[in-house]
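Letters A, B and C name the chains as they come in the text, with residue numbers starting at 1 for each one.
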Amino acid sequence: MKTIVAITLKGIFRDKVFQGIMVTALMFLFIPIFASLSMRQVTELTITLSLSLISFILLLLSVFLGGTSLWKDIERRYTFSVLGLPLSRRSYLLGRFGGTALFVIIAASVLGIAAFCVVAYSSSIYPSDRPIVWGSMILCILFDALKYILLIAFAFLLSTVSTSFFLPVFGTIAMFVTGGVTQQVYEYIHSPASKTLSPFLKQTATALYYIIPNFGAFDLKLYAIYGLPLPANGLLMTSAYFVVYVGLLLSVSSSIFTRREMR
Amino acid sequence: MVKTVFATLACLVLYGILIVPFTEYLHNRPFDEKMGYIPSVTALRIVAADHKELVAASLVSKVLMYFGGLSVKNENDILPILPDYKRMSGILHGAVKLDPYNMDAYYFAQSFLTWDVKQYKLANDLLDYGMKYRTWDWMLPFFAGFNSAYFMKDYPKAAEYYKRAGELSGSELHFSLAGRYMQESGQTELAISYLSAMEKGERNPAVKKNYQIRLSAFKEAHRIELARDKYRQERKAEPATVEQLVRAGYLTPAPVDPYGGTFYLTPDGKVATTSKFAFGGKKDNSQNDGESHERN
Amino acid sequence: MNAIETVSLSKQFTGKKRARVEALKQLDLQVAPGEVFGFLGPNGAGKSTTIKLIMGLLRPTSGSASIMGMDVAQAASRRVVGFLPENPAFYDYLSAEEYIRFVGSQFNMDASLLNRRTEEVLKRLDLWEARKRQMRGYSKGMVQRVGLAQTLVHDPEVYILDEPMSGLDPIGRALVKEIILDLKKRGKCVFFSTHITDDVEKVCDRVGVIVQGQLRALDSVENIMRSGIEGYLVQTRQHVGNQAALQEFKAIRSNEQFVEYLVPVAQFQEFMALVGESSVEITLLETKRRDLEAFFLDIVENGKSA
């Protein structure tokens, strides 16, 4: 499995994905200029823009790397040669996933460093009213990365059942959007405002809430931007949620993948 | 090959021809169009996914750009265009629903909701909402205190806000302001000091300009007040009009209202202006649920 | 213990409109260690399906398969196998050397052995010059040779090669044959599929012919060659001895110098006796046989009509 992780990482780097990220990351250079338009919160705006840029890049990475990794291997017939080795399908899948996840972490770290530089620069020119809590920023980027790793696990699940890349790619995007609003929908249907909704609809929505990954929990931007105290307990639970959910997705994926016919 | 080169050249020429009117068109597009269509906050929340703060910031910047562009345009225009304050306010309200911590939104809303739109209640509700989140920020209660005292004449409420501002900032000034706003006298002076402070801290040119205009109007009003007081003291009589003060040599040069209005004295001797300290104030500035805007 | 064994191995695919396609029917096959087995069949006969079933890439609808006594459902069964898929493709962002090393690492080879073996196989398959280049720049033949190299690197007991000669030029094909013969010499089991009979004839011990998912023939190449003898071509010198004694055998050719007869196997003894009696001089004796190609074509024809 370790070698598959290494091979996956090598593949991503050799496909010049990292260079692509670096080109996109040039946008960091414009952040201080744009943020200086803010009246009262230049630093906060710098952090907002930096974190959103990182988040956006990671989203693209997870959708395209996660959604196409397995598909490409099958499409280009790499699976025949690799799965002919004494390697279980499960460790192959986990290796592919691990490599992709690791790349997301590497990308997040590099982008995070770039963000720190931009924020430090911005706040040196327009000192901030609020203290900049670097630890919160690190945690925010980390949880962002976790969120996208969860999304990648989802993309892998879709890849194991699909023969084209449409389902994994678009399914992943749809899941990302849905997973971002489940909390709001849940709160809405459990509020008096939803009296008019049919009980069936409510039950379906509640059921979906428990099935669909909850990405809202991973969003710590607000805490990082405004230096709010982080809810330690919540973070702990979110981490546990991450581990359990990813574990679930991966075990379902690998059992499907193990049964999959390589025609 | 020759064909391709020819086609490329043709396209470049066409682009050159097109780009000038195209830019012209976009540049001269009505401002309202420029602010563009903003989907409902609920829709935005869904689309924004984990970029709510970014979307909120972009909404604020959209309003700011609109306002900035308008103020530049107004400088060169004889007939100033009134900003669409209602929509600006709506968008800023949407922004703080996405990101209740966005200070720019509160700050900017405060800058026009009170003086220009006279929506004091709305302004303070927005500030109250902000205070629930920005619990460390002395500025929000400071604004709310000013609004309560200056516009709504709700002095106990103002004192409460100022006390909170004082607790948060640790500044004696805010505590003392709480006391000073209890009385109506000296409000012009206090408004001037408030505006001076705001103007000084402002970096956005459009908003800064806004403060500067207001500040100069109040300085003019203050000049009239001083002249009136001197007149009273020396002549032991009430001046009837501003012109009287000018003619009597108490007021040189004659005061100019930067909002285009004319200063006058109310029957009880307060200084007021036909512009009501706002552009377009001569017309009926709708949604006015505040009280009268005459200054003493 | 058989190197490769299948027991009633069957595979059905669900095709379009839920139509069931029987790709492989009840295949029973035993390949012994040290044996070179040729798996012949026309395109689409089920050769690749069989190989994929043995490699665990497909799951049998019924029946089972094992390698060296280990069920193929276990990944460990592939520890002793070098597998070359049909028209192979390998991670094209890796170089040949990296890929060979990757394969070696999957077989837990130790570093120094892997170094030595990697160099050996790359040189053997004439990839040494290109070893540092990414495989995306390789020709089809080079990729095929990488495919062979990666089956050899860990020196397994069993080789399963799906169309090993395809995509190779004559030099490459000769090299592959040489390699297979070498493996045979070293007592390795080689199971390979092909639709080219010539390949089989030269290197195989045994051959199985599969047509439309069914095994139609299974025999040693030797037996096939023997059973393929149709008769003997006997050339005799004209005007020597009593040619008339042989008149019951029809001459197929006759000229000033020679008379040629085609003698069926059953009558050969009788013919030779007559030759002795009549003092006819034999100038040439040739075995007349159908080659494997004809054998194969026959089976395919019969298989289709069956």
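Everything below uses one rule, namely that a residue touches a chain if its C-beta (ideal position, glycine included) is under 8 Å from a C-beta of that chain, and two chains touch if they have at least 3 such contacts.
Everything quoted here is computed from the prediction, not taken from an experiment.
Trainee: With chains as vertices joined when they touch, what's the shape: line, ring, star, complete or other?
Mentor: line
Trainee: Compute the centre of every chain as the mean of its C-alpha atoms, then state which one is farthest from the centre of chain B.
Mentor: Looking at centroid distances, C is the chain farthest away.
Trainee: Distance between chain A and chain B based on Cα centroids, please, to the nearest Å.
Mentor: About 41 Å, centre to centre.
Trainee: Between chain B and chain C, what is the gap in Å from one C-alpha centre to the other?
Mentor: Averaging C-alpha atoms per chain gives centres 89 Å apart.
Trainee: Round to the nearest whole Å and give the separation of the Cα centres of chain A and chain C.
Mentor: Centres of chain A and chain C (C-alpha means) sit 50 Å apart.
Trainee: Going by the contact rule set out above, which residues of chain A touch chain B in the complex?
Mentor: Touching chain B from chain A are residues 36-41, 44-45, 48-49, 51-52, 55-56, 126, 129-130, 144, 147, 176-177, 180-181, 184, 215-216, 218-219, 221-222, 225-226, 228.
Trainee: Considering only the defined contacts, which chain C positions touch chain A in the complex?
Mentor: Within the complex, chain C touches chain A at residues 13, 52, 55-59, 75-79, 81, 83, 85-94, 98, 102-103, 105-107, 134, 147, 150.
Trainee: Mind pulling up the chain B residues that touch chain A in the complex?
Mentor: By the definition above, chain B touches chain A via 45-47, 49-54, 57, 60-61, 64, 99, 101-104, 107-108, 134, 136-137, 139, 202-204, 207.
Trainee: Which residues, counting only chain A, touch chain C once they are in their complex?
Mentor: Touching chain C from chain A are residues 3, 7, 10-11, 14-15, 76-89, 259, 261-263.
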